[in-house]
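Pasting the structures here.
One chain, chain A, links the two complexes that follow: it is found with chain B in the first and with chain C in the second.
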Partner chain A sequence: MSLHVPSMGWRPVQGVPCLRPMSAGIGSSNQNVTHNSSLYKKPFEESFEETPLLVAVLTYMGYGILTIFGYLRDFLRHWSIEKCQVAREKEEQKDFVPLYQDFENFYTRNLYMRIRDNWNRPICSVPGAKMDLVESVSHDFNWTFEHTGRVVKDVINMGSYNYLGFAENNGACADAAIEATEKYGVGVASSRCEMGNLDIHEELERLVARFLGVESSMAFGMGFATNSMNIPALTGKGCLILSDELNHASLVLGARLAGSTIRVFKHNNMQSLEKLLRDAIAHGQPRTHRPWKKILIVVEGIYSMEGSIVRLPEVVALKKRYKAYLYLDEAHSIGALGPNGRGVVDYFGLDPKDVDIMMGTFTKSFGAAGGYIGGKKELIDYLRCHSHSALYAISMSPPVAQQIISSMKSIMGEDGTTLGADRLRQLSENTTYFRRKLREMGFIIYGNDDSPVVPMMLYMPAKIGAFGREMLKRNIGTVVVGFPATPIIESRARFCVSAAHTREMLDTALEATDEVGDLLQLKYSRREQPLPSLGWMAEESLLQD
Partner chain B sequence: MNFKSFREYLSWLYYQYLLITGIYVLEPWEKSIFSSILFSAIGMVIYTSYVFVPIHVRLALEFFSGIFGGQSESTMALIN
Partner chain C sequence: MTSQFKIATFYLYRMRQSWTTYLKELLEIVHYFYFAPAYHLILEGILILWIIRLLFSKTYKLHETYKLTEKEKEDLIEEWQPDPLVPPVSKDHPSLSYDVVTGHKITINGKECINFASFNFLGLLDNERVKQKALASLKKYGVGTCGPRGFYGTFDVHLELESRLAKFMKTEEAIIYSYGFATIASAIPAYSKRGDIIFVDEAACFSIQKGLQASRSFIKYFKHNDMEDLERMLKEQELEDQKNPRKARVTRKFIVVEGLYINTADICPLPELVTLKYKYKVRIFLEESMSFGVLGEHGRGVTEHFGVNIDDIDLISANMENAVASIGGFCCGRSFVIDHQRLSGQGYCFSASLPPMLAAAAIEALNIMEEDPEIFTVLRGKCKHVHKALQGIPGLKLVGVQSAPALHLQLERSSGSRDSDMQLLRTIVEYCLERRVALTLARYLEKEERFLPSPSIRVVVTVEQTEEDVHNAVSCIQEAASAVLK
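Coming up: the complex of A and B.
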C-alpha cells in the first residue's frame, strides 16, 4: 500500500477579503480560501485538520497486520481447517468467475465482522434524546448474536438524525398522526399516480412549497428513491452532470441510472467546478463536440460524513454565469440550518428561486420518512408524470404525512406556539457548545462550525471498535464509521446534535468522550488551544510594560 | 489520567499496544500468535545486538584508526 497521506491541510477559512475575480480561479493553490467574501453575509469557517504523520503510518501498519491475519483466516477457511460461516459459491459454481474475492468482501469477512457489534444495535424505544437498547452478546466473535433478555435503559442517543427533536411518541405531532391513522388507515395500497393520491398528500405538498418558498413541490415515500428515481427523469444521454466528490450514494446511483456523462469536482472546491464548467462549455460533448443539452450541478446542503456546508453563494453565482442548472440535496440541512429552519438557502440568505431543484428528506429534522422535490410548477408537473417513484412506488403513508405537516407547521410557527423557534434556537446553541467543547478537549473535528453533524476522527482500525464499545459502557450510543463509507485511514465517530439534548445530557456525553479520549489516546489535534482570556488582568499586565 | 497502581498503568500500556497494532479486534489465539512472533523477533534483535555490536564497534574503530595512524605502524614492523 503506498503511503498516501491525504494532503488536506489545516485550512481555517475566515471571510478573507480577497480581490481576485471569480474568472481567474484556475490554478489557485489554497482551494478553501473564500475568494468572494462579498457573497457571504457572515464568515464561513470550516476546518479539516491534516492527519498527523505518525498516526497515518500507524494506521496503515494496523491495517497491514489485520490484512495478513485476514489472509490467514481465509486460508484456514479454504482448506476447511476452520468452519466457514460466510457466504460462498456452491460446489457446482466453483469454476465460474468468483463472487466473493474482491476487496470489499475480504474487508467485510475479516475486518467488519470482528467489530460488527457496534452496528445494527436493536433499539426498543423511541430514538429520541435517550433510548433503550436491547442487550445482545455474541459467543462466537460476532458471527451470531443472542439477546440476553435485558434492556439497557436511557442510553444518550448521539447517533440519530433527530436534529429538531421531533422523534417522540407524545405531543401534538403524535396526536395528529394518531388521528390521521384513525381516518385513513396506515397503508395506501396504490402508487401515487393510480389511486394513492390522498388529500393529505396535496395539503402536504402545498405546505412544503410554502415552507421552501418555491412555486410547487412533490413528496415521495422514500428519500433515497427521491434522488435515485428523479435524476433519471431530469437528465438523459447528451446531458452533463457535475457532481461533488463526496455526494451521497443515492445521488451517484441516480446519476448513473440517468445515463448522462458524469464529471466529478473536488469537494466544495469552486475553482475545480468552474474549470469543469468552462471545459464543458468550450469543448462540448466528448466526440462530436456538440453543445451539451443540459448541465446539472449536483451538490448537497450538509455533507454528513464531513460536516461541511456547501458554498452555495458561489455555486449560484457560477450557475448563473455559465447557465447551468442546480440540484441541491438538503437531506441534512433542511430544518437544521438557517434562522427560520428553511435550510441552507435560508442560512446564506439567498433567493430560493435561484436553486432550480430543491430536494430534501423528511427523515432527519421532521421525524418522519420520505423526500420531496421543490421547484417551478412546470418542473413538478413534469415529474408527476415522468418520475419512476411517482409511477411505481407506493405513496407516503397518511400518519407519516400528518407528522410532517404538524412538525412543519410547528417549525414555521403556525401552530400557535413558539415550540419551533425554541427548538431551532436550542439546536444552534447545542451545536456551537458541543463543537467548541470537543475542539477545546483536543480532538480533531471536521467541518463547518454551524453544522449539527460532528465527525470526530479516530483513524486506527482497532479504535473504531474500542470507541463504540467504551461509549456504550458509559451509556452513550454513538455511530462509528469506517471504510467504505470513508477513506480507508480516515475512520471517524459521527455525533448528531439534537435540539432534544439538554445541557446536562451534552455535558455527560462530553465528559464520557473526554474519558474515552484519554483512555484510547484520541486527542490528536496539534493546534494551540486559545488561552482563556483574563479580561482586565491581561490588559493591566500589558500596560505595566 | 490517574492510575491507582502500577499494575493499572501496565494494563493501560498493554491496551495501547493492542489498539495501535490493531490486534485488539482479533481472537485470543491470533493475538498470541502475533505477540509471540513479534516478541521473538524483538528478542532475536536484542540477542544479536548484545553478541555482535561490541565486536563490530571494536573492529570499526580499529579500521578507522588503521587508516589514519596505520602507515607509521607498518614501517615500524618492517624495521623490527
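Coming up: the complex of A and C.
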C-alpha cells in the first residue's frame, strides 16, 4: 500500500513543531503553521500569540501573592480571628475521615471566592442576543448572594453558545415546541429500549442523519452523557484512545470509563499524533505486546476554550493511513461552521464518511439540549443495543426534540425560508468582524479566524474579576475563565459571537471592551497591526519573517 | 587460622575496638594479604569482579529488542489490521425493532394501550397543570439554555427549583443536574477519589456502577440488603485500618445504597445502615430515583418511610424523571456536602443546564405533591393491590415488596439459557400488548452489569390505573403465562 499522503510520511520533527504556547507560555512559537497546505482548500489561519515575558512574570507573582494571603487568611480563620464562612461538618461527624482534604478547597476558598460573582449569574429571560439578569449583591465578600429583586435589563449577551440565535421564545421553532408539549407533555419516564421511544425521536434521528450526510444517527438526552456513555460502548480493554490534550471533560470521562489505554497528544499537533500512532502500532500494547484491537482518535471540532478548529484534513489523512477510527465531537462546531452549517466537515469540504463517529450537541446552535451520534448504519444499530443511554437513561424530552427538528430544518432551508441561510451568513460575518476589531484594538485573541468562540487573553488573576465586573457595568455579559479551566497563567475572557447580534450590539460590546481594555491595560499584543485592507495576506507575510 | 577467617573476625570485632587497634588490625590484614597464596587472591579478585558485574548489568537488554528500524515499523503499520469499530448486530436484536409509542395514552404501533411500563407513578406525565407551567416557561425562556450553569446558564427557575427541592426534602441545599443518569454518576466521583473505599450493594443500578467506576476508588460489594455481610466487611476494614492508621486517616469510606432498588424492587434497611454508619464512621450516599415521590407520607422517600433523620444521610440523589415526570436529577443534603458539587460535579459543571421549561414542570409537580399528599396514599394502595393481584401466577414469580411501584415478574423455573428465558417473557409481553396492556422487559447491558439481574417483565403501578385496568392486566398476564409456560 502506498502512502496516502506522501508529505506526511514520517520524518523527524522539524521546523516549528509547537503549535500553541504550552502552559509555560514563554518562548514557544508565535503562529500556527499550515504545514500541509495542500490538504486545505483555503488558508488555515490560527494564532496563539506568545505570552509577553513581563506579563507572565507578573501573573505568576499575582498568584504567589494570592497564595500567601490565602495561607494568612486560613491561619486567621483557624484561630477564629477571622470569621470562617465555609460550611462546617456537623458535630456528630467531626471524627469521621474528613470529606475534603484541606488543600482541596484552598483554591476555592481563597481565590475563586474573591471573584465568584462573575459566574453563575442568574438570568431571567431568553438567553438570546440580549438578556435580563437577576441583580444580586453580596454583603459578605461573595460568600452568599442576595437577590435585590431588581432586574438588570438588556445586557448584551456575549456568553451564551447561541451561535445561530435559535434561543428564542417566539417564532416557528417555539410554536412547534409548544405544540409538541401539548401533544406529548414534557417527560417520557422510560428509556428508549423500554417504553420511551416516541415517533418524534425517530423523526429527529432521521433528520439528523440527513443533515449530517450519514447513514444513520441516534439522539441522546444530554450532550455530556453522549460522550461519556457512548465511548465505553465503542472501545474497551485492549483498545487505544488517542485524545487531544484539550479535549472536553466529557470525552475524558468517557475514555476513562471505557477502560482502554489513553494517550494524549499535543493540542492540534499532527506530528505528536502521528508519532503516537506509529509507536502504538509498532509496539502494540504495553507489557503483553499484543497488537491493539483498535485505535480511536478523539478530537473536537472547535475547542471551546481556545477557539481553535481541529486540523481535520490532516487528522483524516492520518487516520486513513494508520487505519485508526475517528471520533469527532462537534459540540461547538455543528451549526456554527461551514457554508451549510454542517460543522467542521462541511467547513473543510470533506466527506462525512471519512469520520467514523460524528458526535455533536443540540445545546448550542440549535437552542435545545442533548446530543447525537451519527455514522454508518452498523455503528448506530450497535449503539441502539449497547449504548448506556439507550437502556438506562430516560429518553429525550419531546418539546426539546421538536425544537431541534424545527431549527435544523430551518438551517437546511426545509422550512421554505432563507432564515437559516441568513443566520449562517450573519454568524460568519459577525465572527470575522468581531475578531478583526478586537485584534486591531491590540488584544491578544486566540484561535481560528473563523471560529465564533473568541478567547481574549487577560492573564492576571486580578483582571479576571475586574474584566467581568467592568463589562457588566457597561451592560455586557461576558464569560471569564481562569485556572483550572485554562493553564494557570492563561486566564481569558471568552466571547461567543451569535448570528442574533446586530452590528450595533457588536459595536457597543467592542466599544466597552476597548474602554475596559485601556482601563485594565489588556492590550498585550505586540504584533504589528495588519492593515485592514490586506486581511489575512498581512498575517501570511508575518509568517515568512 | 586461614586468612579469610581472620578477615571475617576483623569485621566482626572492628566496631568494638578502639581506633589504635583498628589501625593495627588493618596493618595485620595487609600483612595477611601479602602472605596469602597468589591463586587465592586471583580467585577472590575474580569473584569480586563477578559480583560487580551482576550488580550493574541488566538481566536482558531492552534496547536491542525494542529498537525497530523505520522499515520494520512501516511493515508493522502495513500489517496491522484493527478490529471493526463495532461488531455486527444481528437483525433480530430486540433493541432494533423499537416500538413506536406516541403520546401518553400510549399508542404502540397504532394500538392504544394501558401503560404498565413507564415510571409515571403519580400520573404527572399527562398532567394539564404541569403542561401549562411548562408552556408558560417556554413562552418566556425558549427551550434551550445555551450554556452551562457557570456561564449564563443559571436561570431564576433553576434557583427556584433548587430551593423548592431543598424545602420539600427538608435539607439545607439541593443541586440539580440536567440528566437523571448523570446525577449519582457525577456525585460519587466528586467525593470519592482514588484510594477511598466504597461499600456498595450488589443490586445497585447501572448509573451507580458508572459513578463507582469513574471514582477509581476501591469498590467492595456486599450481598444485597445483607447487613451482616456489610458489617463483616466494615469490621475487616476496621482491622485493616488499625494496622495502618496513617493511611486510614485519609481514606474516606462510603456506603452507597438505593432507597428502593430498581433491579429488585425492595427497600434498603436504612435504620440499620445509619447505625452502621456511626459505628464504623462511614458516610451514606442514598440513591432514591425509585423512592422519591413514592415512599413516605409526603413522598420524601425512604428516609420518611423509616422515619430516619434526613441529616444522617450524607447525600441523597434522585432523578426527576419518574414520579416527577420531567427530566433531570438532583442531589440534596447538608450544604457542607452538596455545595462541593457546584465546582466538582462533572455533570453539573461541564454540561448545559436543564431547559427552564423542564425545571418549571418539576416545580409544578412538586406543587401538586405538596398540595395533595393524599396522592401517595392512593399510590400505596394501588401498589398493594397490584402486588396482591400478581401473586400466584403459575410459572411466574413476583419480585418486589408491597410498597414498590415497579415490580418484576421472573420465571419461576429458568428454561436453562438467558436467551430463551427472555424469549419466553417477550412472548408474554407481546401477548399482553395484543390485548392492550403495555408491559416491557427490564433491559440490561448483559456484558456490562456487575451482577446481572435475572430476566424479568417490569410491571409499573401508577395512580392512573383503575381497578379494572389492573384486573385486565393481571388476567392477561395469567392467560399468557398459562399459554406460554406449560
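Going forward, the second predicted complex is superposed on the first by the 480 of 545 C-alpha atoms of A that agree within 3 Å, B and C clash if a C-alpha of one lies under 4 Å from a C-alpha of the other, contacts with A are read in each partner's own complex, and residues count from 1 in each chain.
The definition used in the following text is that a residue touches a chain if its C-beta (ideal position, glycine included) is under 8 Å from a C-beta of that chain, and two chains touch if they have at least 3 such contacts.
This one's a predicted model, so the numbers in the text were calculated from it and none came from an experiment.
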Chain B versus chain C as contact partner of A:307, first or second or both or neither: neither
Which of chain B and chain C A:222 touches, first, second, both or neither: second
Partner chain(s) touched by A:461 [first = chain B, second = chain C, both, neither]: first
Greater residue coverage of chain A in the superposed arrangement, chain B or chain C: C
First, second, both or neither for A:352, with chain B first and chain C second: neither
Which of chain B and chain C A:341 touches, first, second, both or neither: neither
Touching partner for A:58 - first (chain B), second (chain C), both, neither: first
Shared chain A contacts, counted only where both chain B and chain C touch the same residue: none
Residue ranges of chain A in contact with chain C within the complex: 1, 10, 87-90, 92-93, 95-101, 105, 108, 112, 119-128, 131, 134, 157, 159-162, 166-170, 173-174, 177-178, 181-199, 202, 221-225, 228-229, 232, 234, 248-250, 253, 256-257, 278, 281-283, 291-295, 322-325, 356-357, 361-364, 366-369, 378-379, 381-386, 388-394, 396-397, 399-400, 403, 477, 479
Residues of chain C touching chain A in the complex: 66, 68, 70, 72-73, 76-78, 80-89, 93-96, 98-104, 106, 115, 117-120, 124-127, 130-131, 134-135, 138-147, 149-156, 158-159, 178-182, 191, 205-207, 210, 213-214, 248-253, 278, 281-283, 311, 314, 319, 321-322, 324-327, 334-337, 339-340, 342-343, 346-347, 349-352, 354-355, 357-358, 361, 438, 440-445, 448, 458
Chain B contact footprint on chain A (complex, rising order): 58, 61-63, 65-66, 69, 72, 111, 114-115, 141, 460-463, 465-466, 518-521
List of chain B residues in touch with chain A within their complex: 1, 12, 15-16, 18-27, 30, 34
